[in-house]
Amino acid sequence: MNLSVQLPGLSLKNPIMPASGCFGFGREYSEFYDLNVLGAVMMKAATGEARLGNPTPRVAETSAGMLNAIGLQNPGAEKIVQTEVPFLRQFNIPIIANVAGSSIEEYERVVTVLNRSDDIAAIELNISCPNVKEGGIQFGIDPQMAATVTERVKAISNVPVYVKLSPNVTSIVAMAQAIERAGADGLTMINTLTGMQINLQSRKPVIANKTGGLSGRAIKPIAIRMIYEVRQHVDLPIIGMGGIERAEDVLEFLYAGADAVAVGTANFQNPLVCPEIIEQLPNVLKRYGFSSVKEATGVAHR
Amino acid sequence: MNLSVQLPGLSLKNPIMPASGCFGFGREYSEFYDLNVLGAVMMKAATGEARLGNPTPRVAETSAGMLNAIGLQNPGAEKIVQTEVPFLRQFNIPIIANVAGSSIEEYERVVTVLNRSDDIAAIELNISCPNVKEGGIQFGIDPQMAATVTERVKAISNVPVYVKLSPNVTSIVAMAQAIERAGADGLTMINTLTGMQINLQSRKPVIANKTGGLSGRAIKPIAIRMIYEVRQHVDLPIIGMGGIERAEDVLEFLYAGADAVAVGTANFQNPLVCPEIIEQLPNVLKRYGFSSVKEATGVAHR
Amino acid sequence: MKKRHMMTVIANDEVALETFELVLHNKVIAKEAKPGQFLHISVPGHTLRRPISIADVEREKGEVTILFKVVGSGTNQLATLQEKETVDVLGPNGSSYPFDSLQKGDTVLLIGGGIGVPPLYFLAKTLYEKEVNVQCILGFQSKEYVFYEEQFVQIADVQIVTDDGSYGAKGLVTDVIAEVAPFKQYYSCGPLPMLRAVKEKLANRDGYLSFEERMGCGVGACYACVIPTNDAVGYKKICSDGPVMRASEVNI
Amino acid sequence: MKKRHMMTVIANDEVALETFELVLHNKVIAKEAKPGQFLHISVPGHTLRRPISIADVEREKGEVTILFKVVGSGTNQLATLQEKETVDVLGPNGSSYPFDSLQKGDTVLLIGGGIGVPPLYFLAKTLYEKEVNVQCILGFQSKEYVFYEEQFVQIADVQIVTDDGSYGAKGLVTDVIAEVAPFKQYYSCGPLPMLRAVKEKLANRDGYLSFEERMGCGVGACYACVIPTNDAVGYKKICSDGPVMRASEVNI
């Protein structure tokens, strides 16, 4: 069974990788399994400077999902390149750096720092984090601004740039098309849907930031729909995510048009979810009549 | 315990009503309980002419939710006024007519027909059904078009007009504000989120229409967030919906800013869900320190 | 008033490959059920109920039997039910196979495919008690999937066909229709392609078909389960007007 | 490598109002667990695991005891666990109460509030075995919520306070701190306002606090559970750096 997938900058031995923000910089999960089994790894968001993120509580559980408002807490791009990338380099897997910021200049600053490392295979441009108030969200919901930040980052990045789409938009296709025209190498989708939970006792939102991003199984139908729609109008490769828990889910994402997938929230319930999916994927592909990942990609469009 | 709520055109003895499309015209559920216990009833969408709707399958189950693409099947406004409204009139509850269409003219035509009945307490303007392809969806995602159809319907309707918001938009507040300015009497929210499920065996979307609207518990955090946001910027009364299953859920919607609520998908699992919620609501209100529904409304904003 | 019923599991056995026979206790349903009707079964953790036909009743004992094939997460969960556990159901729902026009000594044909066979057993048993002669053609994928043959042979003439010929004749139910004795009426239940073939083959005969469709409410309120009809309205609801429809009225 | 552990339920009993004592079997965890650490427990049908402190271990028997209060749907479900059922856990997770510096004959103070009491029992027992003198102040809402008093009195000097005075002294744990014998170190676990009050009251003393926060991963990867600290980094993670922290290092 051929699980390999070739994408711009990413030679994946299988299409499974942990999603950004749900896997830190890999250290914790490397205590559960050898990260070498992964197709790639998506690091937690990097910003220009260290950020302390939002006040707590930062997470809440919902039906078949969860809300989070971490607020991009991270040690800053410099520190990540100095201490986290070297840790991940020991594994023989492509490292994808998730880049966030509050201004185009900050995005550029982060990419400039990341450029200094030879160990980053691709950039995931996070224009869609709904939990940062300073304006980061604006990039993700306006096609023109998304295009501008994509162009500026593309102009300086040493490695291919994947842009991460927010589902909190009226037209996901318009966003994807603007980003394609701006020269992106790929798309990753979807980020979380903005939601809220209110505690009946305290009478306040559970999450200190009030709103948080909804992830997990609950959002899978929305992710599938958006990937399906984008695949019909855009030629860029897509790394799909949103509620994946099992190898069968991976297949559904491939059918919809994803070339590879990322697993986020499911890591919390099962730290071994990625290696388990990788192990089961060949059987599931075979059961449904495929002899490679590539064969299953986009079949729902045929 | 005072459960009553007064809204434009609607004198509700309690804030619970079945949501449009999940309760037909009440006949089926009237075999399970006396509809008199309800706060009100929202009828299935009415269009200018009879519609046969979409091909089947029309529903799919998802994690903590479901997709539907019924496609506005209904016998047409005339028939509804002639045969369904008279049936519902026997109960002593306000009847809310859900109005859909593919053009402004069709919306007007439906309202003109409804005007002939004295038994309709309010109109719910369904500009947000994601399953009609002819353009109906356009009204729900563009503030200007939403405002136009609201104005035109307001101009001719004999009864207050509540506009039903689609969650498939970048800014729910912009939509609500445009509709408020256009003279609507209230808002109902949220309609379903567009989603898709793909059958691994057939390699095709499960729903014949390909996409369907996601409803049920999965979407509750999105509904709560949107109601909370709209409540901060708009003064219109809100009838909230999206994943309500229990009296505790009702309280969360009230906290977020809803004045009353509607129960949709939950009727399918439990035909008695509305009377059960109505029965439990006083205890739940009391447990959290309230002596009326009104007191609980909007408390998360205080 | 209709209500949600709690049914208690009496037995749950695998009677053929991936096929379970679940016997449930509830006096009201056992008393009211008619052949062709279904139960709309709640499966914990699932948004939608599962429609499953009633395969048999023991009215005195208050027992209702259903037979289901494990095809997904809902039926998978039903397969794990243990004696004494309870199941939340709506029902009996829907229309039934009409047979009031039949007399003692009349002959009928029942044509069932796979998991469409169960409601026909309830019908066969009912007709047998009316002393109507029942001929059955029952189609299955293969030998391992055959169930209830013994039960049927006690009350009917039975011909079994399998897709792969591993049991009975090889072929489709429609391949052997020509061989049956003259009959007054036919009744069928099975996958849509089979029903289409049956309807075509018996185009000039009076018969009833029972349909499957994905359901929302299961009681007629949501319009999920419509089927095109030849009348002025243009559709019927499988859950409430059906699942049993006269072959001539549907447009399939 | 770390792994998911399956633990088998040995017993599950309500030991005080809404408070359950769940005894689980797993040799690895029983062997490795240190006082202050927690189990991150999977509850079927829930997206997130529930962190619950280890309250006791019987290393030889391979038994691990946790005590939890039913406050929501997860703990409600845990309360229904029956003997022989299995529970999927990660653990033992997090930091533990340090006590290597303590000598036989030293005296310490343990201050627990409500559902913060359980980890202190494991600590008290461990220190008792080291022949350290343990004084405990344990606070509960009211009499019905008091648990493990008998267990504590066998190994420690215990003072119980309740919010309403229905058992022990009326008041807060901090109200009675002044009355205890001199101690070398203190250890506390309970709701944040209590920990704040304890830290303030014992500002000039060396002590350790154990914190609660809503968790995502429970292993240090998601940054859900941070707490501000006074060092250059500015935060620590409660699930992996904590839950036990030196009182002086946190900024609460």
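Read from first to last, the chains carry the letters A, B, C and D; within each, the first residue is number 1.
Convention: a residue touches a chain if its C-beta (ideal position, glycine included) is under 8 Å from a C-beta of that chain, and two chains touch if they have at least 3 such contacts.
Just so we're clear, the structure is a prediction, and the values are computed from it rather than from any experiment.
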| item | value |
| --- | --- |
| Chain hops separating chain D from chain C, counting only touching neighbours | 3 |
| Centroid comparison with chain A (C-alpha atoms), farthest chain | C |
| Between chain D and chain B, distance of the C-alpha-averaged centres to the nearest whole Å | 47 |
| Where chain A and chain B are represented by their mean Cα positions, the distance between them in whole Å | 34 |
| Averaged-CA centre spacing for the pair chain D and chain A, given as whole angstrom | 36 |
| For chain A, residues contacting two or more additional chains | 62, 64-65, 217 |
| Sites on chain C at which at least two other chains make contact | none |
| Category of the chain touch graph - line, ring, star, complete, other | line |
| Chain-to-chain touches, reported pairwise for every pair that qualifies | A-B, A-D, B-C |
| Residue numbers on chain B that touch chain C, as the complex places them | 21-24, 27-29, 31-33, 44, 50, 52-53, 56-62, 64-66, 68, 70, 73, 75, 206, 216-217, 265, 267-272 |
| Chain B-facing residues of chain C, complex | 1-4, 42, 46-49, 90, 213-228, 233-235, 240 |
| Contact set on chain B toward chain A in their complex | 62-65, 67, 141, 168-171, 193-198, 200-201, 203-205, 210-212, 214, 217-222, 224-225, 228, 243, 248, 251-252, 255-256, 288, 299-300, 302 |
